[in-house]
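First chain A sits with chain B, and in the next complex the same chain sits with chain C.
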Partner chain A sequence: MSWMESLIDFVRKYKLLVALLVLGPPLIYLTVYFFAPFLITILYSFGFIGRRGVVTWEFTIKYYQQALRWVYLKVFYNSVVLAAITTVGSILMAYPVAYFIAVKAPKKWKNLLVVSVMVPYWVDFLLRTYALMNIFTMMKMMFTYEAVVIGMIYDYLPFMVLPLYANLEKLDKSLLEASYTLGASPFKTFLKVTLPLSKPGIASGTILVFVPAIGEFIVPSMLGGVSVTTIGTLTWDLFLKFHNWWRGAALSILYIAVVLITLIIYMRKVGELEI
Partner chain B sequence: MSMSLRDKLMGLYSAFVYAFLYVPIIIVIIFSFNESRTLGQFTGFSLKWYQVLLEDKVVWVAFYNSLNVAVITTLVSLFLGTLAAYGMVRLDIGGKGAVDSLLYVPIIIPEIAEALSLLLFYKFTGYELGWLTVLLGHIAFDISFVYVVVRARLAGFDRSLEEASLTLGANEVQTFLKVTLPLSMPGIIAAALIAFTLSFDDFIKTAFTTGPGFQTLPLIIWSQSARGGVGPELNALTTVIMAISMTIAYIYAKLTMEKQ
Partner chain C sequence: MEMMEKAEYITPEVEDMVVLRNIVKRFGKVVASDHVNIEIKRNEFFSLLGPSGSGKTTLLRIIAGLEKPDEGVVILEGKDVTNLPPYKRNIGMVFQHLALFPHMTVFENIAYGLRLRKFPEDEIKRRVYDALELVKMPPETFAERKPSQLSGGQQQRVAIARALVTQPAVLLLDEPLGALDLKIRQHMMLELKRIQRTVGTTFVYVTHDQGEALVMSDRIAVIHEGRVEQVGSPYEVYEKPRTKFVANFIGEANFFEGTLRDGTVETSFGAVKVATDIPSGRRVVVSLRPERIRVGKAAEGAENVFEGKIREIVYKGDILIVMVALDDIEIKVNVPATHPEARKLREGDIIRVGWDSGDEAGVFELEAE
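Up next is the complex of A and B:
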């Protein structure tokens, strides 16, 4: 038997072992460098790990009490408000564009229009936020709340356009024609046909924008300076400025809990998340 | 078919939104070629800020570091992510749903939460922060993106081609090498491009997991633009990094669009 035949024989015989050999390496990697770190974060947040990384076995909830103090709750509230403004702002900007690309745009333009939204989608926020700094400096708008809001919408806009477009693209155009034929005005058709059908797209976009926007660090820090504090800037300061890892860990676990709860509610109500 | 006024207005609005997306980027590019430091006033074309970049040793070292991390990240995450995708699509085993969810988690968890957990993990396990810690973190994040892209491609193509190959007498290994791999190549290339971009211009994870002495290009932008410092040198540097990542993102977008 040649080596190849024995290999094939092996593949056929030991299906489970093959599965382990194939799925094992990526899963082991993620376990060590993704999931284990979260476990460590939980341990820190309950005070199991003391200074210099020594395990103390002292369970405490004081870091959560600190993270739930009034000042921090206010930061949490501000972050949620900023994320909500960002979400609404980006829906208002993205919806007509997504609709235009999906339904109205001439066919030869379509690909270019979608690609032009996909390109900034993949570029890190740091670069795109820096790009805004030139304009805001010229307009003397740096370190204002308005600059942060515009910056947030600017950075997150592609995350709203793409899921909306993906949804509207699938919209059955004959439904619109049926509505027109039956005498509905374009406005009424939009309200009664298009909008309800595009709800899953709006929901996907909202998840992709709202959830990360709560913890956004780069935009409020670069454009808001010290004038805007969010969960993101607070986490950054606690870790990299004050080295208060325990409180930072508790704060981060609370944030992740909010994220997971939002996602679970979303999954229950809407179903699949398209990325 | 002529457009109605309503459609024209919508087109105009869309044009405005596209301008909103691209004008800031264009301004950075324009002012990277500005002769003087005056912001908002173009006094003449000059390449001197690029000259400054070329002569800056710190920038070159950071560029080498960014490239080094991005290339290794791409190769390793491509290997691990493709394994995961292949296993999930082709293997006939139970519990796939749970494994699939696990592979999605890194995409869903906000980057800053992942970054700080890595920092705590490294501190706890005694890693010395620097090149290796940055690299390990980038790979962990990229595996999931590679997985999603390659899996979509593997699940998308006609399975009967593989069956035909087997029926015609090719064995499983030959079929994998001659049919499955070539057919999934567009997905693998797309995944490589996206893995590279995500690593090359990453800021938050790098900032949390790097140590003294290991700097990447985004970290230079960050430290120099802190407290509102904009200038032609930074515009030139940003132009260079953006040109690289936007070109790669463009090729990726083209590839995935053609698939549809």
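Up next is the complex of A and C:
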């Protein structure tokens, strides 16, 4: 029996052991570096851990009560609005680009065009944001809400372009031709065929942009300064400026809950749309 | 039925529904249409038949307005539509892969063209139901289904209903049966013919399958390398092919070459009497259908009689295909199973074959090729 056969034999005999060997490392990795910090954050938010990391075993919900104060809820609201503006803005910017590359551009140019959309994003995120700061300073727009919105859309645009492109690329051109022969102009064809069929692309782009945009803190803090407060900048301030880890933790958990619920509702809606 | 009665869009004085005049279309260096002239009559089932890459689909797309010809004129119902986009032409089209809108129900798919024409909702419902009845899809069962919940044949029917419901002047069909399996395909051929007879709309049907074209068409245009080789009834293109290409492409044929002298062709296996008005002294090729050749006793008394050795016999139930070697060429003969000598034929036997002048499908000048 060759070593290969004995290896296959071993795998057949000890299925569970093999599964553990394969799944073990990622499981350990996830437990230590993903679930543990999350658990610690939850413990902080309920006050189980005191100053200098001492475990106190005192359960309290007062940090949640603090996190639910009116000012914080307003910040929540601001973050969701900013994320929504970012999402809508990036759909409006990304759709024509994705449509042109996927439907109109000659086949041999497609890959090159997709890459050229991505190229600016190979420069580091922080560097690009600093570059934007230069532009906004020249335009005397620094520390305004508009600057933050433009910066956000700029940073998230590829996450909208790519899923839209992937969706529109699959669009069967004969559907458009069928629509023309049935009497629909190109514009009506877009409204009645192309747009409804690209809904899954818009949906996945929205998830990729909207969710991280709610928690975004670098763009608002660098381009908006103190004029724009989001859930991201607030958490950052609570942890690092005010050293109030407990309230910061409670706020983070609330944020995760909000995003999760929004996402579930959204997925349900998208699921209904699915063809 | 509604569709037959309502025909107010037809201008009765126009006999030719579709006219292609001197159409030229190039894709880069490839000439897809090479000065094509075709007239398609009212109520006709007209087929564009040719091998793949012959340019037949391009012609259909030019009629639809999906391609613009480089030269020439497209006339629909007597009006020059060369520069009109497809959505301003009075046409319906059934696509090769059907192109049903996947996000719409069967009802919505068929209602699409009617909604664009702003019909009232009750009128739309009536017409959609009529169209579904026409293609034998009970509306109660199918109206609310999505295309993905239908079989290939059912999708086919919906695509036809969708294209016909707006009562177009011409229905263009681009190899719509290609994706179906043989049984459904044969059934749909007869269905298409029935639908065409019922609604009386002019059908222009693109296919590479000579069987489909022969069964369904009133007339056939045989397309080869962007040119029209012949236009005629199924009988004409089969029995009186005008070029060697047509003789070869439609049905089966034996070909042999020779020099024409006073009504006989000097071939490698002997002199063959032919009926042709090509002048003496030309190099010609004679085409002969396998079913026109008689064997054994039946061959006696024919104008052309030869003897050859049977190379191979293939049993096909209703006929025997017998390959007979005549000197250096091999000809194919279809012997009916009912032929008195059919069961006595053996491979290796010497057999007599014969046919009369006039039995040949055609005699073509080689220079004309």
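The criterion applied here is as follows: the second predicted complex is superposed on the first by the 248 of 275 C-alpha atoms of A that agree within 3 Å, B and C clash if a C-alpha of one lies under 4 Å from a C-alpha of the other, contacts with A are read in each partner's own complex, and residues count from 1 in each chain.
FYI, a residue touches a chain if its C-beta (ideal position, glycine included) is under 8 Å from a C-beta of that chain, and two chains touch if they have at least 3 such contacts.
Just so you know, these numbers come straight off a predicted model, no measurement behind them.
Contacts of A:E177 after superposition: chain C is touched, whereas chain B is not reached. Look at A:Y255: by the touch rule set out above, it reaches chain B but stays clear of chain C. Once the two complexes are laid over each other on the shared chain, residue contacts for A:M152 go to neither chain B nor chain C. Of the two partner chains, chain C is the only one touched by A:L197; chain B is not.
Once the two complexes are laid over each other on the shared chain, residue contacts for A:A67 go to neither chain B nor chain C. Applying the stated contact rule after C-alpha superposition, one finds that A:L16 touches chain B and leaves chain C untouched. Contacts of A:L162 after superposition on the shared chain: neither chain B nor chain C is touched. In the superposed model, B is the one of chain B and chain C that contacts more residues of chain A. The residues of chain A shared by its contacts with chain B and with chain C are 275. Those residues of chain A that touch chain B in the shared complex are 4-5, 7-8, 11-12, 15-16, 18-19, 22-23, 25-27, 29-30, 33-38, 40-41, 44, 49, 53, 93-94, 96-97, 99-101, 104-105, 111, 113-128, 130-135, 137-138, 142-143, 154, 157-158, 186, 211-212, 214-215, 217-218, 222, 225, 232, 235-236, 239-240, 245, 248-249, 252, 255-256, 259, 263, 273, 275.
Across the complex, chain A is touched by residues 3, 6-7, 10-11, 13-14, 17-18, 20-25, 27-28, 31, 39-40, 80-81, 83-84, 86-88, 91-93, 99, 102-103, 105-114, 116-121, 123-126, 136-137, 139-141, 143-144, 147-148, 171-173, 194, 197-198, 201-204, 207-208, 218, 221-222, 225-228, 230, 234-235, 238, 241-242, 245-246, 249-250, 252-254, 256-257 of chain B. Residues 64-66, 85-87, 89, 91-93, 95-97, 99-103, 112-113, 116-117, 146, 148, 162-163, 166, 172 of chain C are the ones that touch chain A when the two sit in their complex.
Residue ranges of chain A in contact with chain C, taken from their complex: 172, 174-175, 177-185, 188, 192-193, 196-197, 275.
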